[in-house]
Amino acid sequence: MKRVGIVGDGYTAAELLRLLLPMDEYDVTYISSADNIGTAVSALYPQFGDMTQLVCEPTATEAIISRCDGVFLALPHGQSMPLAAALIEAGLYCVDLGADFRLRDAGLYRSYYELEHTAPELLSTAVYGIPELYREQIAVARLIANPGCFPTSAIMPLVPLLAAGLIEHKGIIVDSKSGVSGAGRGMKETSHYCNVNEGVHPYGVGTHRHAPEIRQQLELAAAGSVQMVFTPHLIPMSRGILTTTYSYLADGANEGDARAALAQAYKGEYFVHLLPPGQWPHTRWVYASNHVQISLAQDKDSHILTAVCAIDNLCRGASAQAVQNMNLMLGIPERRGLELIGLYP
Amino acid sequence: MKRVGIVGDGYTAAELLRLLLPMDEYDVTYISSADNIGTAVSALYPQFGDMTQLVCEPTATEAIISRCDGVFLALPHGQSMPLAAALIEAGLYCVDLGADFRLRDAGLYRSYYELEHTAPELLSTAVYGIPELYREQIAVARLIANPGCFPTSAIMPLVPLLAAGLIEHKGIIVDSKSGVSGAGRGMKETSHYCNVNEGVHPYGVGTHRHAPEIRQQLELAAAGSVQMVFTPHLIPMSRGILTTTYSYLADGANEGDARAALAQAYKGEYFVHLLPPGQWPHTRWVYASNHVQISLAQDKDSHILTAVCAIDNLCRGASAQAVQNMNLMLGIPERRGLELIGLYP
Amino acid sequence: MKRVGIVGDGYTAAELLRLLLPMDEYDVTYISSADNIGTAVSALYPQFGDMTQLVCEPTATEAIISRCDGVFLALPHGQSMPLAAALIEAGLYCVDLGADFRLRDAGLYRSYYELEHTAPELLSTAVYGIPELYREQIAVARLIANPGCFPTSAIMPLVPLLAAGLIEHKGIIVDSKSGVSGAGRGMKETSHYCNVNEGVHPYGVGTHRHAPEIRQQLELAAAGSVQMVFTPHLIPMSRGILTTTYSYLADGANEGDARAALAQAYKGEYFVHLLPPGQWPHTRWVYASNHVQISLAQDKDSHILTAVCAIDNLCRGASAQAVQNMNLMLGIPERRGLELIGLYP
Amino acid sequence: MKRVGIVGDGYTAAELLRLLLPMDEYDVTYISSADNIGTAVSALYPQFGDMTQLVCEPTATEAIISRCDGVFLALPHGQSMPLAAALIEAGLYCVDLGADFRLRDAGLYRSYYELEHTAPELLSTAVYGIPELYREQIAVARLIANPGCFPTSAIMPLVPLLAAGLIEHKGIIVDSKSGVSGAGRGMKETSHYCNVNEGVHPYGVGTHRHAPEIRQQLELAAAGSVQMVFTPHLIPMSRGILTTTYSYLADGANEGDARAALAQAYKGEYFVHLLPPGQWPHTRWVYASNHVQISLAQDKDSHILTAVCAIDNLCRGASAQAVQNMNLMLGIPERRGLELIGLYP
């Protein structure tokens, strides 16, 4: 049994606990908080009842090192950088659910997050944690940059297509629809029930921090620059992301080639489901699970390819993927604890 | 006071009644139904209480002609064609909320609706009913093809841009997010609460009947062929459509030009609101109203223009626009009965 | 045309504007705010677009007096007391949508609101504003205590039954289910989308401030003390209250008597709908309107009477009832501006 | 590993599969359907993807007997009676999720379900399956009458109070609020998204079939007749039931006694959570889990006790409780497969 800690007490931390507490492989020995020090997890999140006795502690590097083999960092950007450096140094395994190690370019980080990166030396060793794409690197890593929710949903359908040279590098559109939990537990006007319910609107148009993260992974796959526009929309639901991508099939490529490339890329992958032609992803079918659905079609009058991906933003888009990464690093069977089936109805 | 009738008893019929009953300018003298003949409107739609004594009648051309000056046809496709011909012949004013007169090409109609058009001679006289774009023709028309909900939301931002030559004719993406009421009152698995709630999915990808309708209007504006991909998504709300369009700015054109073209096209229009840079449409702000919100931005790294439009699908996307058209045809002040402000919260 | 002002900028203020702006009888000349001074109403509530040029001002008694004939006070409790006294003194007509003048007993006010009442002399002149029950007093009043949303929904079915001596004064249960907008625009954990969506819970059990307000009106109708338990529940919707009441039919009374008493009490009332036996209120049917639905049934094995009432909490439960009251005070036809039909779907 | 079958393909069947498929203790060898014979479970419920190869078969007694040790009957009322008799006869263990074995009185069954009971001899041997109340009987049973969702939520707080003589047998009010999934997968007007969303209404007032089921269990606990009124309400959510009960404390009893009785009754029960004074159940905290939350308070001015219970209607109110019962009958550790924590957010 591995001892793990969670740094942070927001929605992704709660989702980690939901997944980890019933597992035999892990003993959650530590959780920390900025605002709720001394508060029992069960007081903060009554769904845990008497199923855990954990109490939020201050974030203390020494305590983490002495009590944990692995640690999940579920912190606002900027706060993981110094902590991860110390924990890695002490030999712990880290999965950072925040943004600090996702961008390889410290300059890009500074420009989007308005902060100087304080551990740039770790950027090259951090592995971007989509197991189906980077399993081997993850298995030998010490530090995982757990992907953002939108990036996961955009990268999974697009990376195999770019890697296979089947779509153009220009004119990629990523139109995402997300539930509200992605905005976190904090009180914001845009999370007020009356603002969300019965409405839909775009946000962060042209400025969302997940855009450079998506572009970076697409460019790695394309081995060249990629022109991509990303627009997220907030829709009235708690969980789920559906991402609709539009791209141009390369000369000579068609829908069948694209479908074959995805089938090949995700062959044998337990969590990834390429739906048959004519069937489209629905976030309900992957709700509260680590599963991913993908489908695609070519426009009958053009070379435009529509590829759609559905995930649960808190599970595959954050905490379940984090557990999958931790399992891989710690030598635990990859699927363990993640065999939850999409919740429907 | 003008005598008007409604043929049909679905959601758009109910929405027409909601708008028409409080108006002094109209006397609703007739409503017909296929399935609920003899049923009081108030039994079918208890929100009307004792505010109307209307009872659903069989659809009978003679009754309509003798009791109505104008008529709203709110029927499944295929059923308006013969009826409209007879009513126009008898001198009535018709607004068809269905699809029978929207496509100018009877062949295209046949191909998408799998029916032979029985009144092709009316296709050239029917006016496509977006008042802000076709006001003069509407004012002298006898037959209005009331636009589809998705087309309204796509055409209003794109037509002025195409007409001004500011965007390319190729590579236009129309990604729409709609509430459920657009699918109507009938029982369908996809309208079951448990299927819709907490989920999002695309549908009709590559096959939706609103695609040729959108393309037709874009091509008229562009005076040439247009390559456009349309993908609707069902999201968990009753009302509202948000349409996000992506297009390529023409050589030399920029965001400012696009904004100026829309400002010019909708100058002085009471119902159309071009939001300032950085503010984006939200369907809540036009909820249950005839208002339209539009905004746009150019991607900072490319010529891709994102233009977004929000409407209420049953109001501006159907019944309120129908009343606006009928007002225009019958010489009633255009805004009358439509001064409802977006319902929020 | 009457000049009216609104003091406050929360949801009930926005709802007042939605109702008042399209009316010919009123000119809204003033709106004030605590937190948004200098902000245009349309910036705060984009649904108003360019339909109003009002800008939030500081709350200033002199400004109100010089620019208004009537004023709506939409303030947190405690803030209306001093203001109302000055405005009444200056001859204005006031509708207080807050709680300051609802309880006739200043001691009860102190005990529930933890504040000393500063204008106790007004408590006896303020009229409790349910027009269907107190129309004559309202018509000659200067100060209306606009009822709370829950009280409106409980009083309307129960008062006629108590007044007619048809139900016992003991053992009255009031179980209410409310949408979230009743909690207002402020950021609270319990208004966070993720807390509300897909969940239901009771709140304020035994402590809610609407309990003494309900009890007071029931006791006035009963001309004696009443034992009543009130439990509100928060349910996942923006608008609407459904109140289910349970009471004991008095000896010799039956369901028919109860039905007859309600029919008599609301005979000819445009906004109140007593549904036939077997049909039950649905908040959708009164959504965003001033209408009220009531129905009832006697348990077949006992004398327990179940009476149910549906209203829209922001409309009939606040702003529309406030306009109805203002209409009455200012001699405007009572229904004017309120002929909105329940929004469905 | 025990071989189990599922008869039926509705929501509770899908929920059984969600729970059973990841379990090592069970092998689901059979599923049958009336309408979807030959259809793969994954086609009917895409959330199962390639996680099961089960295909819906016709309901055939012989097949069940030859391939199953235990069987879950998830059928409309009337259909389990003949099947259960044959399966019990053949030595299988049966959990009936339908209503056929819940009422001990065949006459009451006839009166509420309008059917003659065809296996009345089984009524006395069927055990009512709330494990925390009837664990010993369940462990030695062959046939479990799995409780209705509303009854579970009403019985769990009330039975210990009645058994301890702490509340009166008269004047018990059970006011329940349920999500839509309880109405099943079939297409009904009342399950249409637009009918449910943003609305609340009572239904089945005075006629709901769960009323005699609740009353029977209360009367068994009270060892005498009980007067109880049950009113269910449909609220806009997919899952969850909150039941608010009102009863009269017996002479000399108080809130502390009631709380102590519940604490005693559910002492050491993993799934049942008696919340501390002032904290109230929220269906979100038990969402998609087998957990139960209960709290209570006495009205400060009377002997009226308000006791509230939250469950997930498909889990504790149906399929998870069914698995708990099957575990008990088959000697599998009771909690196995049910350690899912309430899903929040």
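Each chain carries a letter (A, B, C and D) given by its place in the written order, and its residues are counted from 1.
Just so it is clear, a contact is a pair of C-beta atoms (placed from the backbone, for glycine too) under 8 Å apart; a residue touches a chain by one contact, two chains touch by 3 or more.
What you see is a predicted model, and the numbers here were worked out from it, not measured in a lab.
S.K.: If you tally the C-beta contacts, which comes out ahead, A-C or A-D?
M.R.: When the contacts at A-C and A-D are counted, A-D has more.
S.K.: If you take the mean of the Cα atoms for each chain, which one ends up farthest from chain B?
M.R.: D
S.K.: Please tell me the distance, in whole Å, between the geometric centres of chain A and chain C computed from their C-alpha atoms.
M.R.: That pair's centroid distance is 46 Å.
S.K.: Using the average of all C-alpha atoms in each chain as its centre, how far is it in Å between chain A and chain B?
M.R.: 39
S.K.: When the centre of a chain is set as the mean of its C-alpha atoms, what distance in Å lies between chain A and chain D?
M.R.: 36
S.K.: Send over the residues of chain A in touch with two or more other chains.
M.R.: Residue numbers touching two or more other chains: 11, 181, 185, 194-195, 197-198, 236-239, 282, 284, 287, 344-345.
S.K.: Could you please specify the touching residues of chain B with respect to chain D in the complex?
M.R.: 11, 180-181, 185, 187-189, 191-198, 236-238
S.K.: Can you list the chain B residues touching chain A in their complex?
M.R.: Touching chain A from chain B are residues 170-171, 173, 175, 177, 179, 194-195, 197-203, 205-206, 227, 229, 231, 233, 235-240, 242, 244, 246, 248, 280-284, 287, 297, 299-302, 304, 306, 308, 310, 344-345.
S.K.: Inside the complex, what are the residues of chain C that reach chain B?
M.R.: Residue list for chain C touching chain B: 11, 14, 17-18, 21-22, 45-51, 181, 185, 197-198, 238-239, 273, 275, 279, 282, 284-289, 291, 293, 314, 339-345.
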